[in-house]
Amino acid sequence: KNIPIIAAASSVKFALEEISQQFTKDHGLKVKFSFSSSGNLMRQIRHNSPFELFLSADETSVLKLHALGLTLDKGVQYARGRLVLFTAKKSPIKKDPQLTDVRQALDDGRLKRFAIANPDHAPYGVAAKQVLQKLNLWHDLQKRLVLGENVAQAAQFSSRHAVQAGIFAYSLALKMKPEYGSYLLLPETLHQPLRARMALLKSANETAKAFYKYLQHAKSRAIFEKNGFYPP
Amino acid sequence: MPKTGLKLWLRQTHSIKLNIKLHCQNNEVLALVGPSGSGKTTVLRAIAGLYSVENGLIQCQQHCWLDTKKAINVASHQRAVGFVFQNYALFPHLSAQENVAVSLNHLSKNKRLKYAKSLLKKVHLEGLEKRYPMQLSGGQQQRVAVARALAREPKILLLDEPFSAVDQVTRRRLYKELIELRRSLSIPIILVTHDLNEATLLADRLCLLHHGVSLQSGSPAEVSTQPVSTQVAKLMDQPNIFTAKIVEQKPEKKITQLLWCGQIIEVGYRANYKVGQKICWMIPASDVILHRRRKSSKGERENPFTGKIVDYMLLGGYVTVSIEINQPLKTYLSMSVPLHVARRNELALGIFIGVSLLSDSIHLMPYESLRNEF
Amino acid sequence: MDWNALSLSLKLSAITVAFLLPMGLIVGRFLAYHHFYGKSLLQAFLAIPLILPPTVLGYYLLVLLDGGSFLGHLLETLFGQSLVFSFEGLVIASIIFNLPFAIQPIQASFESIPREIREAAACCGLSPLKVLLKIELPLAWTGIVSAMVMTFAHTLGEFGIVLMVGGNIPEETKTLAISIYDKVQAFDNQAAGVMSAFLLLFSVMAISFTYLIAGRYQRHYA
Amino acid sequence: MPKTGLKLWLRQTHSIKLNIKLHCQNNEVLALVGPSGSGKTTVLRAIAGLYSVENGLIQCQQHCWLDTKKAINVASHQRAVGFVFQNYALFPHLSAQENVAVSLNHLSKNKRLKYAKSLLKKVHLEGLEKRYPMQLSGGQQQRVAVARALAREPKILLLDEPFSAVDQVTRRRLYKELIELRRSLSIPIILVTHDLNEATLLADRLCLLHHGVSLQSGSPAEVSTQPVSTQVAKLMDQPNIFTAKIVEQKPEKKITQLLWCGQIIEVGYRANYKVGQKICWMIPASDVILHRRRKSSKGERENPFTGKIVDYMLLGGYVTVSIEINQPLKTYLSMSVPLHVARRNELALGIFIGVSLLSDSIHLMPYESLRNEF
Amino acid sequence: MDWNALSLSLKLSAITVAFLLPMGLIVGRFLAYHHFYGKSLLQAFLAIPLILPPTVLGYYLLVLLDGGSFLGHLLETLFGQSLVFSFEGLVIASIIFNLPFAIQPIQASFESIPREIREAAACCGLSPLKVLLKIELPLAWTGIVSAMVMTFAHTLGEFGIVLMVGGNIPEETKTLAISIYDKVQAFDNQAAGVMSAFLLLFSVMAISFTYLIAGRYQRHYA
């Protein structure tokens, strides 16, 4: 009964499930996941959670827990998230890396709603906000924003008819069925790197540590990449 | 039959079984009596349009309220009925005055309250206008209900056991008020009650219901002393119902003779019975006459019987005794006399007395076997 | 204190109550006085919002109300705007979510009016409409008030559906409950605590007041 | 006072006001009568331990059930009372037999049902054991309630208006059954009723309650014909209550004379009243004797009065008439005679008749002003 | 279909019901038969779980039950383990969340037993315990069944609190409702639809059945 429970951000769900299958195949060891938003997980870890490894979607959550002395060390960065611009099936918006048509659509009224994750607490929301700020769209777009509770909800919103475009994680865009719409990968220069960091928690057992190592292995990197995460 | 007043028949075979025919003239009080569940309330509800019957006709003051053949069925609120419900059904959130004013829908608000006040005065409730139903005693609530029912100037007044919830002293007062009231009204009044005394006291005519069927209608005295069947007699609470045989018919002497308990009883001549025929007969308890102890009076020749007193009950100044006429057959005659008469004649359990059965009070009915059913 | 969110929540609650009052009256009264085949099934359907996770219910509402669906398209042309991510959409979601809270107490209070009282009113010459206005409504009012208070309080606190259908737009669909949630997520426990305390205080006061007058009423008439 | 039976006093100043003292011997039926809200049910509930009074003492068969001074208060289920509730309070989810068996808690399950069956047979309910309360008529429910109350072999039997929910014919049957029943029981029986006839018929003694106070106890005839106050007389439904003045005291002739309506009334000598004193008096309606039309009898010398008949009511074989003795003062005497007597003497509205007031039946009470309050 | 989550949900619901049955009986009966100062306030407090956003309530429960708090410490030493992130913790949260659903119907059903029936039972010589067992429980059973069915259905659907206090751990605290939520989040609409449909079907059946027997009962005795 030493299957460790790994707390992981919802955004890495698909990748992690694949990696853990591979891990079990390679090492004969099993792990369990508890997916939630990074914020929720961090809150739970502060209140005696049974988690042994924490994969955050961002960096700050891990560093904060480290400052509280709840992790073994500062941990490592395991992936780099990317953002996409997504437009629903019948959206009148044309996609381009500089969001020029978004600007245009904003001015001519074609764009009514724009979805991002909540920049107050969701890492991908923070990054999306940075993109919009960098492109000088933040101020004008703010009234048009619908905020997802997390990045998945932002993706849900983006695929709605009522929303013309949205920015969310590349990893989720890969999972979206093409009938909902299409995406465009945004250049990383538009936002601070979405460094996803993980750290072993105080209670980590051997399996957790092994999995921690396995996640940094090239095999895992490949799976991460397949699922929309770039290597750190 | 006059055109005014109420004319009604109801027939139904499903759910509540009904077969009822009755009429009530203006300024007449008709008592609907019958045991619990006999359909009294149902008839009132049908008149008020609160219960839909399969087949029926209800005409009131030349208005047709229901005619199932012509598919006429006037809505409740358009039939001008005054209905006093069994438990009054006052509106608990309205004061006495407002309760009455609800029925004065056609007047302006101001007039309404004024007129309601005057109506409450009529039923002796001045000063209590502002009270809510729960602050009124049973008798006072009943009066509010009556005032409310009358406020509409109804074409008929329906009273469902209006006295059942009040104590005896109040009840007596309310009787008097009803008697006064009906003098001032010229509409039919239908009074539901399961109290025969009440019906006798208050009604001009009485209609006896049983299992949804109207068995007999007539003046209270008539239904009570000349019931059409032993069933009616029993329901009218007659204690002396017996079977006998016709033994002689003397049309010339205007006499019919019965054989009962080995003795001959003479009654007024009844042509419609044959000699040898079995019949049932009854006599009211108050028409069994006691033979005086010491001196005999002329009545004593009329159908004299003697027997032992086996039961003695004192009730409101009157004594009811059971007299054993024939011990093996368990035949008992019930009679009642004022207490002072009972004292003067030293009536008591176990003593033997003589009684006479008044010929005129003996009533014959078709034969039916008399079981003591529960 | 997020005053914007508070005023939005109050507005949403008030409008929800304003819509549910007539709906609750019509449906509640109908259920109270009519018996028909499948009534218990209908009552069970009305209880669905109590059972489905709000976020899930919210998701289905989102899909349903969005312009992509047939109904959504219809509503969009009807209202001249998309209902999702708008205050109007929140109102619809909130109405649906509160149906059981509004209907059940109203139904119960109509059921508790004795049949004879209503019949007596008809015999007083009141038309069915006047019976409703003068007799039934005054007698059922505690149930109606209770339904409205519960609906109001409950809309104040509702969160999953509002988040899903509303999209957390400040001054439009960001209600107090969402604001509390956001503060909790952003580790601003103090602000979350203050707002929760306010919400709780208001709700407890409203409900205990309702129970109090309901109790009074019982003593008054029963 | 014997040690067995029931002895009770209750005093309370808050909430329901009480000041009640009564006792009831074994094998005695005590009727608690009084208008609605007078506290009859409350007394029964106090005896059964269902209502807690401020100050009181309840002793039954030498057991002390309540003594507020000694802080004794035995729990309901440990007082062996048989309680028949006003609406029977049968357990709706249990059959008649099971309802009775509940009271037989001390027996084994098998014996319980057997004995319950035999008890139901005793109250003539064989064959209905398996029925549920709602499948029984009012009278049958009442019998189940009685059987249940008796099953426990109670030390006292409490009956709260046991006949109010059944119709008259059934009621009469149930009276007979209660009379039979009490013969087989040797415990006190307390019967609450608001029907004076019922109390008179069924009870050995009667206790009159009013606003929570026991006003008078005694045999029904005593309380009814010798009330201690006009209030009691009114509550006992006496129609003839008047004020008068003592004008002469003749101890030697054993006579006291009153002045009433300008005439002298002679009554038996009452030493405790002074000449000139104002008093109240009453006479039962049945003790006003009608003067025969054609022949006079010896009773006619006793306090004769004449007057006009202003009211005539026929009620169950008896006629009640109001006689106007003094028109300006609106003084009316009420009397009742059997219907055949009324017929023979041609009584009718408007005719003048003579009556005698039996001296022995006239009862004097302390003076109180007689308003006709509502 | 996530069978693990389903079995976990059923287990959680069953255990919650098992705990709430006696609690609901005790508290509901107490509230039905006792009048005291502040009763309506207490009733309002019992309704709080209806009002506070579940996630927020969940957060406060997390803080409260965690070993760091006094109560949490106490419970931890009592149960020999931390209650948060465990099935036991879920049970506690679920019990708290369902209090109003369990207590209100039970209270109402006890209130509807006429006082005289209970008094008659005492006069038949039954001790208070026997009165409860032989008279009150059989007469109140429809209310009790209704309370239990509602609690069961509602626990199946509860999500916000379970997520917060339980931590979404598969086979331990990941219930059906969370699984549906996860599927919705992961764009697996088909799986979410199937599970929602199952949840709905079960709940509607349970509730309509309850209403049906409640209706029967009314016709039976009233």
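As written, the chains take the letters A, B, C, D and E, and residue 1 is the first residue of each chain.
The definition used in the following text is that a contact is a pair of C-beta atoms (placed from the backbone, for glycine too) under 8 Å apart; a residue touches a chain by one contact, two chains touch by 3 or more.
This is a predicted model, so every value here is computed, not measured.
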Chains contacting each of chain A and chain B, listed by label = C
Chains touching chain B and chain D alike, please list them.
-> none
Which chains share more C-beta contacts than any other pair?
-> C-E
Specify the chain most distant from chain E by Cα centroid.
-> B
Between the Cα centroids of chain C and chain D the separation in whole angstrom comes to 58
Taking each chain's mean CA coordinate, chain A and chain E are separated, in whole Å, by 36
When centres are defined as mean Cα positions, the distance from chain C to chain E in whole Å is 22
Rounded to the nearest Å, the gap separating the Cα centres of chain B and chain E is 58
Taking each residue of chain E in turn, which ones touch at least two of the other chains?
-> 59, 184
By residue number and range, which residues of chain D touch two or more other chains?
-> none
Per-residue overlap in chain A, given as positions that touch at least 2 other chains | 40, 43, 153, 156
Which of the chains touch, listed as pairs?
-> A-C, A-E, B-C, B-D, C-E, D-E
Complex interface listing, chain D residues touching chain B | 35-37, 124, 137-138, 166-170, 172-173, 194-197, 200-201, 220-221, 234-235, 237, 284-287, 289, 313-318, 336-340, 358, 361, 374
In the complex formed with chain A, which residues of chain C make contact?
-> 59, 62, 66-68, 72, 82, 84-85, 163-164, 167-169, 181-182, 184-187
Of chain D, residues touching chain E in the complex = 45, 48-50, 75-78, 80-83, 85-87, 89-93, 102-103, 105-106, 134, 148-149, 151-152
In the complex, chain C touches chain E at residues 39-41, 43-45, 47-48, 50-56, 59-60, 150, 153-154, 156-160, 177, 180-181, 184, 192, 196, 199-200, 203-205, 207-209, 211-212, 215
Note which residues of chain E are touching chain D in the complex, please.
-> 114, 116-117, 119-128, 130-131, 134-135, 138-139, 220-221
